[in-house]
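Shared between the two complexes below is subunit A, which has subunit B as its partner in the first and subunit C in the second.
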Partner chain A sequence: MSAEAPLLAVLGVGVSFPGARPPVRALADVELRLLAGRSLGLVGESGAGKSQLALAIPGLSAPGAVVEGSIRFCGEELINASPARLRALRGRHIGFIAQDPQAALAPHLKVGTQLTETLRSHHALDARAARAAALQMLERVQVPAPAARLGQYPHELSGGLRQRVSIAIALIASPSLLIADEPTTALDVTVEAGIRALFLKLRQELKLALVLVSHDLAVVGGLCDEILVLYAGRVVESGPAAAVLKDPRHHYTAALAAASATLEAPLGLPLATIAGSQPAPGVELAGCAFAPRCPAAAARCHAERPPLASVAAGGARVACHFPRASA
Partner chain B sequence: MRRRWHWFERDLAARAGLVALASIALLALAGPLASPWRVDELDWARIGVAPGLEAAHWFGTDRLGRDLFVRTLAGVRVSLAIGLLATLVSLLIGVAWGAIAGYAGGRLEGAMMRVVDVFYSLPYVFFVILLTVTLGRSPATLFISIGAVGWLTMARVVCAQTESLRHKEFIEAAVAAGLPVRRILVRHVLPNLAGPVLVYATLTVPGVILIESFLSFLGLGVQEPAASLGNLMAQGTAEMESAPWMLLAPCAFLVAIVLALGFVGDGLRDHLDPRER
Partner chain C sequence: MTALLNVRNLGVVYPDGGRRLRALDGIELALEAGEALGIVGESGSGKSTLARAILKLIAPTTGAIEWLGRDIAAFTAADLTRLRRDLTVVFQDPVASLDPRLSVADSIAEPLIVHAPALTAPQRSRRIDAMLEQVGLGSGYGARYPHELSGGQCQRVAIARAMITGPKLVVCDEPFSALDVSVQAQIVNLFAELRRETGTALLVISHNLALVRHLCSRVMVLYLGRVMEIAPAEDAFGAPLHPYTRLLLDAVPRLGHPPLALEAGESASPFEPPSGCVFRTRCRHAIGRCAVERPPLAAAGSTRAVACLRAGEGVARAARAG
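Then we have the complex of A and B:
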């Protein structure tokens, strides 16, 4: 690994909801580093804590959440940063695309207004310059007839276009980090492919660092340099995306990969599934959280939680007592 | 815009209510011009005459010989003005207070809404008497005292509505985009409050008119020789047995205004409430 200072460094981050009944620990001991211009995929099933992590970075955790550890952006500590400072960072330096971008556009405001108000909240620009920038950004996210779109309301746009508009809003103040929480889940497959291509293009053009949350390994594999697999709020595997996907060392990652639908899968066979479910929120297991569902679990797995340890050169790390053999 | 008014063409009651309101307002403004009498002019020759065409006393005269047609319409003007202005006052205070409390949430919301609760629990008439005594009797005092209490319910309605809006995704997206709080409140939250606020406002106007009538009836509101529907009715009840028209004319207008506003309010509520659409 290079000694370059990371754009985003997350260390020992936990998110818990002590006020909930029972108290819930959504995330524990998460660690990640992201260099400028690189991309990281957060993978895991629903409830694994992916979104909690994505929200915690720009300080958007729900009220009542207790965030601990350290989140450094450009060297600046974000945990316990003042609300004013966080507001100044959001949009300006950290763009965020919510889970359902369809619902994330204000229904009563024109597309142009939503773009320019974000831009003008962060940069001193007059209305005309902001409008020109909005037009340029719509072109960049490949919205057809951008000038006409500025005067339209969100309900007049198709799902794919609305998604492109919310990407444009997230990027218009030129942030250096974009956090996208399942940006393609609400879209159909052909539109999804277009949005994925757009993300690739934007990353290259804007030198944008990307944190992409997804439950789809294929999406992450196509877009991300690094991958971080979460299970029940803990990192179970991390490393370069190609290596992790091709040769998963954690049994959970392997099972997740086997459960992905691909065109190469033999016809007629049912898709592989992972039997069982994650521990219920609020349940804290002494050992590995995946042990109850793991094909390779032994007595030690139930008793002792495996630490995240390096398994190979190139930075791949896995939290398992009995990692799968390298292929 | 066409679509927005389409419901109104189908809602007969709301349309009738609006037409009635417009007619009453027009009559109140233009009607007195058609009469030769003024509000405080005494007709010594005809004291306490019944409605008729004689000497243009269309609604009759009161015990001092003042023309009731002119006085009733002047009362309508005062009552409508108080109704609309006091509603506007309560709208401004209530929306601002409720939206800020609901959006802030947490302790600030608790503190702000407890203030509302305390005001709510004060005996209303006592409060108005206090204000009238300290500020002096004038229409302005009336606006202030009615508006000062009318905003409480509005604040509660708006606060609850804002709280539920705050968790809508487009508000969270606005927060994630780093928009200033004031902008989020004014441009993202307020427009979405328009439905309930508008409806509640139309329901407040008749309420305020009734309160004005009640206060004038008690002698706390509009004072002689100025007329309001309230003090006209107060005089009318005193003469109910000998000169029933003194009570009937202002009553008829009050009932018509309250009913018409009620119809318009119902129509708006039906149209704007998502559950009814």
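Then we have the complex of A and C:
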């Protein structure tokens, strides 16, 4: 464990929706630490809780959500922080990029206004300086003809350009943490590849810490130092991304990797699948939530929930009574 | 032998205010019975327009679509009813494509009531139960409603509904994109199994090249409404001949590789397609001729065709670095 104080420290975080029928626990006992300038990928399938975690960190959980535990950003506790304080942090120190750039941009405001608004409210810049900074940020996110874009409305831009503009807005106040929730899902593969390359460039240039939500292991492998694998609202495996992806110790991580179709896999065989499905929202199992689908499950797995425990030097941790042998 | 489906010089133009959007331009395609053809390309490539034209949901501006040798534009009402039995569709959003007020069994029964009216209710139930087993749900699911099912289960119901009439061809429009990774794999396996068991041909529109490679025997690569390359899937993705196919492949994230800047920008506007080869404005191999001459879709060996003036030089062979 590093002695350096983490930029982000999440401890025992749970998100539940007690008003839902049945009441749903979307996330439980999540723990993570992210150092300044490092990147973390949150992976898992729909319903695993990865977006819930990404939303809970900057205080963006949906109305009706009860968030418990501790989320510390630069040492400051964010759970139960005032809405005004969270808004100030989001504008200035934590950038957030949503899945759908269309929804994230105000349709009635010009790109220039949306970029400079943030700056003028959080940095008290005059109009001219704000415009210059906006232009510079559009250049940095590689928007062609940036000066002309300032006067355009979001609907005049392609999906890829809209996502670049929303990245520019998230970054314009120079945050130290960027949270991106499936930022490329709505985009074409080629455009997606461009956005991924942009993230890599921005992280190097801006020394930015990144929390990236993705369902794609290869995307996380290419962009992230660390990985957190979620299943049914709990962390099942975490550690250095390269090591975890190369040699997953949790049976779910391994099954997810095997089910991901690649361009190199041999043809003529059925794709590997994971039998069954995640427990339905609201269903709490006494043991490991993956046990009903796990090839290695024993009686103990159904009865007793495995804690997240260290399995290797370098910080790899796994929540499994019978982890896979190291390759 | 007559192909199941023949698309001849198909062009579709959408009017848009004062402008004209040429969504498809000169598409040629012959699909044999039992074949699985993948159609790939970015948004604006025309893949969904092609599916709609084949399903006779839109009329071609030029050219023709022939089903078993006859132009579907000239089909009578009786011909069309038969076509709806033999040519069915599975859409992208499995939940939205099912009527929420109908039970699973009632959803699957609808096409049977239209196309096999002679069946008695018990016969129909038996067919539906067997179909539910075949798509891996089990007959117990018949009484359930879409909101009680997961996305993957809804997609299985949609597939059962598309298969119940014993079609010759199922058009699948982005059937995997709303599904989780492990469920995508299940649905790919299901389609492959159904095709093997029933001989039904598949036309699969998807932006997921890896899944297309697994499911389809052949692949057609579209860009701005034109065919760039058509080839056996393994060849197209293993050794592409068109630089656009290469670009699509290079964009796929690969485990253990950092993302690379592709420097090919975004798709050109379909309202103002570039002269000559439409891909030339994004192609790093483009030369002067590419702006002037429209490359014909030319045979490259017995099983492939490519529309690139420089295909013979092997320009698309080199994968990206890294």
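The rule we apply is simple: the second predicted complex is superposed on the first by the 323 of 327 C-alpha atoms of A that agree within 3 Å, B and C clash if a C-alpha of one lies under 4 Å from a C-alpha of the other, contacts with A are read in each partner's own complex, and residues count from 1 in each chain.
By definition in this document, a residue touches a chain if its C-beta (ideal position, glycine included) is under 8 Å from a C-beta of that chain, and two chains touch if they have at least 3 such contacts.
Since we're looking at a predicted model, the values are computed, not measured.
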Clash or fit, subunit B versus subunit C on superposed subunit A: fit
Contacts of A:T118 with subunit B and subunit C, given as first, second, both or neither: first
Partner chain in contact with A:P107 - subunit B first, subunit C second, else both or neither: first
Which superposed partner A:P270 touches (first subunit B, second subunit C, both, neither): second
Superposed model, angle subtended at subunit A by subunit C and subunit B (C-alpha, nearest 10 degrees): 80
Per-residue contact with subunit A, leading partner among subunit C and subunit B: C
Touched partner set for A:S82, first subunit B, second subunit C, both or neither: neither
Contacts of A:D188 with subunit B and subunit C, given as first, second, both or neither: second
Contacts of A:R90 with subunit B and subunit C, given as first, second, both or neither: first
CA minimum distance (subunit B, subunit C), superposed complexes, angstrom: 10
Touching residues on subunit B, where the partner in the complex is subunit A: 105-106, 168-170, 172-181, 183, 187-188, 191-192
Touch list for subunit A against partner subunit B, complex: 58, 60, 63, 87-92, 96, 98-100, 103-109, 113, 117-118, 121-122, 166, 169-170, 173
Residues of subunit C touching subunit A in the complex: 42-43, 150-152, 180-186, 188-189, 192-193, 207-211, 213-214, 234, 237, 247-262, 264-267
Complex contact set, residues of subunit A against subunit C: 45-46, 144, 158-161, 188-194, 196-201, 215-219, 221-223, 242, 245-246, 255-257, 259-263, 265, 267, 270-274, 277
